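Dropping the structure in here first, questions after.
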Amino acid sequence: MQFIKSKLPLVVTFVAAFIIIAQFYFDIPAWKTLAAELLRWNVILAAFALTLGIGGIVKLHWGRIARKSPTAIYSAFTLGTLALFLVIGIAQTTRGTTYGWLYDYIYNPVAATSYATTFFFITSAAYRAFRIKNSYAAVLMISAILMMLQVGAFAAFMPFAPKISAWLWNIPTSAGMRAVVIGGALSMVGNSFRVIVGLERGHLGGGE
Amino acid sequence: MSATTGTWLAAFLTLGLFSWMWKENPWFRLVEHIYVGCALGHLAVTGYQNVVDIAIKPLTQTGKYILIIPLIMGLLLFSRWSRKYMWASRSSMGFLVGTLAAVAMNGAIKAQLTQQVAATMMPLNSINNIIFVVLTASATLYFVFTLQQKWALPIIDLGKYAMMIAFGATFGNTVMSRISLFTGRLQFLLFTWLKIGS
Amino acid sequence: MTMIQKLNSIDVRILYLIMVVAAIYPLLNPIGLPLPITDRVRDSYAAIDALQPGDLVFYGIDYSPTQEAEMWPQTLAIGHHLARKGVKIVMLNMIEGAYRYEERIRDIILDEYPEYQYGVNIIALPFTAGREAAFMSVVQDFKGLYTYDLAGAPVGDLPLWNEINGAGDFTMYVELADAADWWLRPMSQVPGLQLWTGTVASGASTMAPLYQSGQMVGFIYGMAGAAEYEVLVKKPGSAAAAMDTQSMGHALIILFVILGNIGYQAQKSAEAKAKAAAKK
Amino acid sequence: MNPGLYVQLVILVAFIGVFYVSGAKFRSDGKFSARKLEALAKMEEAIGRATEMGKPVHWSYGMGAFDAQYLAAFVLLEYAATLCAKYDTRMICSIYLPEVVPMTEEIIRKAYIEQGKLETLHTEDVRFWGGSHNPAMIGTISREQVAGNFMIGSLFHESILSLEAAARYNAIQVMGTSNTHQLPFIAAGCDAIFIGAEMFAAAAQLEPTPVRVGSVVAADMITSIFVALMVVGALLATVGNTALKTMILK
């Protein structure tokens, strides 16, 4: 039992990852087929994982309703909407017309709007949070302002603005971002490697 | 359920979320809670449909019995819902994260390291190229943390300024993105719902 | 309260109101400023324009409603361009919220271009979970990954599906996503496959070095990119109309940053003075 | 061997080799030193100032899914908790993901025990908010008028909310993330930030273990070799020689 609880997960992780890495570098037809199968399994598990979020949310909101918390009515709406989407979605799949209606007139507007509200956050942050506290922030803000000036109307008043922002974009921005990309590459390799050989286990979760 | 009803419902939900900018209120909270429900619901439905299309149907209709393994592993993931039986999900989780780590590692070195470095090996025959190579090299050194010699510090600092210019550009672009998102909702409210103008 | 202190304590709701008015006004009264086309968008257009009729092209629709405002105009403009080139289109979708946009663009192409027949020169494939692993699966065993198409019909019945052997048959991969490396890392492993991406403006600088290095043949971003593309394909749409709002919004944000910082510096110097006075 | 992957395989093998060798070396001699990170010093300054003002500090991991960034954040949380215990300053944590609540409590508790200050720990300061993380976080920052604000982890747009709320009280702000889409905002609004890999380096600096040291040293070594290659390659390209460029893509 102890093996299944603590050793097996590490073995599974290592073996699956090893097959995928080995067939990537070396041309072994049988392993290629195996790797393709493993990737398909990953897709299936990832699909299962999409439904995992339900557990925590149902627990949280059901708890609020059971406790008759003052926010119980809102929780009821969360659970009600969830149930509505699940029932219709499973009954007629996402291809059904009723599900399409739910998607177009409920999911789509709330998802799009909840992101659109960040427009206001940026407005107030522009006024209250983006304070130039040091020389780095000063350089950042100047670059940001020059980038914003490239769009539309400004080009008409300031013909030089698009030229400056194009230079900023092509030279220092590409160079700076390239450094972030390169810096992230080996940190990605390091993290992946630690997960594969079992030195990092946070994702496996606690429990007994 | 007609498109007109739908448009009114969508407008109600949209305005509810925007009402937050005045102050937090029950309307906003209601829509926020609906969002949590439908986002999760949609995720779960697409996930379920995927499992049916990629695993269950090929298993039952074409007899791909090997797919029983990922199906069982997938079901075991649900043991994460219980503190006591969480351990049963570990192998599935390990598989999921391990394969993903392997795939990412395979792609990262070439796409993010060697190709990027090769692209920086440009002839130093113009001011722009010289600036580009110097900034890329110095900003990359920022991520070499054990480099702490005195001579290197100004170079690293130069690199940090290059990154700040890059972040500034991202900042400007993100503002652009946010305005676009808001414009998109305004276009819905003005043109689709209220049918003003165009 | 001095003028400067007042500057430091404006109710943000007033700023919000100014922003909303500034966004609505140009939408209702478009100024219609000329839209200069950037070289990058022109080059990206040329890359798709160089495709030959009958070339196989992946069209990846990977964004959710949260990015609809920026991404849908791009999807539409590029969709028209691909259809006019007469290429064979295979649509993919790896993001949970994206299937609806895939349906829409499929239907628009089928409606407006009579030479397109579903299954013969255009296929729409369903959502697949797993992100990077799903893309890797496309690279390694494209045919093995799918059994059904977006509408739920078996892919084996579609003539185009039976012409394809794998990802290696494709000429170009056109990806519309919220700027991410999780599609690029796997797809760049297909030899000879050209990569082309459209993305949200906020993710553009992440992709900039990857375009600059030649890993992608095309790269447009944001509503601005969509608007320019609309001009190039001569299909003016919602993006071009929204560009005036963009300029107004930018002007105001710049103004707010400047106002906020004037207030901040003033407050800082006032605090410093008070401190100095207290020391005496 | 598949074509076009020779150099890539060499890099991978070299990474693993340096990782194990430098990890083993650290295990035997315990020596590791890295550049002093500005953001670490700022965190201490923030807690010190909060102590002077008699105000608490605030902590959040952001709203990203559980990933490697959390692991780096845990070490920084321990650092902040230790300082808070030492100076008798409260730290209020706003938490989005339920699974990190026990880990957070455990880390803070451990820090207080090590400082011998367990009796001063406010256990109710670790607050789980779930989906209402954002409004609750803004409310907490405003009610408590925090003097320091830390946000480290997988950050999304909540970083701007937190920045804006804490800016009203002139809090010293330190944030860190690998999410490039948020780096500009935290760089614009914070007093100091951890940029991407810097979070992991900070973990190695604060509490070196063979695994952490090995990762940092291996990444550092290969990165610096490639910076050198980059410069040499550019010089060669200037005189028309692209051999090195062709070679590293082999």
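We call the chains A, B, C and D, going by the order they appear; numbering starts again at 1 in every chain.
Here is the rule we go by: a contact is a pair of C-beta atoms (placed from the backbone, for glycine too) under 8 Å apart; a residue touches a chain by one contact, two chains touch by 3 or more.
Note that the coordinates shown come from a computational prediction; the quantities given were computed from them, not determined experimentally.
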Interchain contact steps from subunit B to subunit C (minimum; 1 if touching): 1
Highest C-beta pair count, chain pair: A-B
Farthest chain (mean CA position) relative to subunit C: D
Centroid spacing, where centroids are CA-atom means, of subunit C and subunit D in whole angstrom: 30
Distance between the centres, which are taken as Cα means, of subunit B and subunit A, whole angstrom: 3
Length of the line joining the C-alpha centres of subunit A and subunit C, rounded to whole Å: 16
Whole-Å gap between the CA centroids of subunit A and subunit D: 19
Where subunit C touches two or more other chains at once, by residue number: 16, 66-69, 96-97, 99, 128-130, 133, 136, 145, 202, 205-206, 209-210, 212-213, 224, 246, 250, 253
Where subunit D touches two or more other chains, by residue: 5, 8, 12, 131, 180-181, 183-185, 187-188, 195-197, 219, 223, 226
Overlap residues in subunit B, where contacts from two or more other chains coincide: 21, 32, 36, 42-43, 46-47, 49-50, 54, 99-100, 103-106, 108-110, 112-113, 115-120, 136, 140, 142-143, 163-164, 166-176, 178-179, 181-182, 184-185
Topology of the chain contact graph, where touching chains are joined (line, ring, star, complete, other): complete
Touch list for subunit C against partner subunit A, complex: 10, 12, 15-16, 19, 31, 33-36, 38, 64-69, 96-97, 99-100, 128-131, 133-134, 136-137, 140-141, 144-145, 150-152, 205-206, 208-210, 212-213, 224, 243-244, 246-248, 250-254, 256-257, 259-261, 264
Contact set on subunit D toward subunit C in their complex: 180-181
In the complex, subunit A residues that touch subunit C: 32, 35-36, 39-40, 42-47, 49-50, 93-95, 100, 103-104, 107-109, 111-112, 114-116, 119-120, 122-124, 126-132, 141, 145, 148-149, 151-156, 162, 166, 169-170, 173-175, 177-178, 181
Footprint of subunit D on subunit B - complex, ascending: 24, 32, 36, 105, 109-110, 113-115, 117-118, 120-125, 129, 133, 136-137, 140-148, 156, 163-164, 167-168, 170-171, 174
Interface residues, subunit A side, partner subunit B - complex: 4-6, 8-10, 12-14, 16-18, 20-21, 24, 37-57, 59, 71, 74-75, 77-86, 89-90, 93-94, 98-99, 101-120, 122, 136-137, 139-148, 151, 165, 167-189, 191-193, 195-196, 203-208
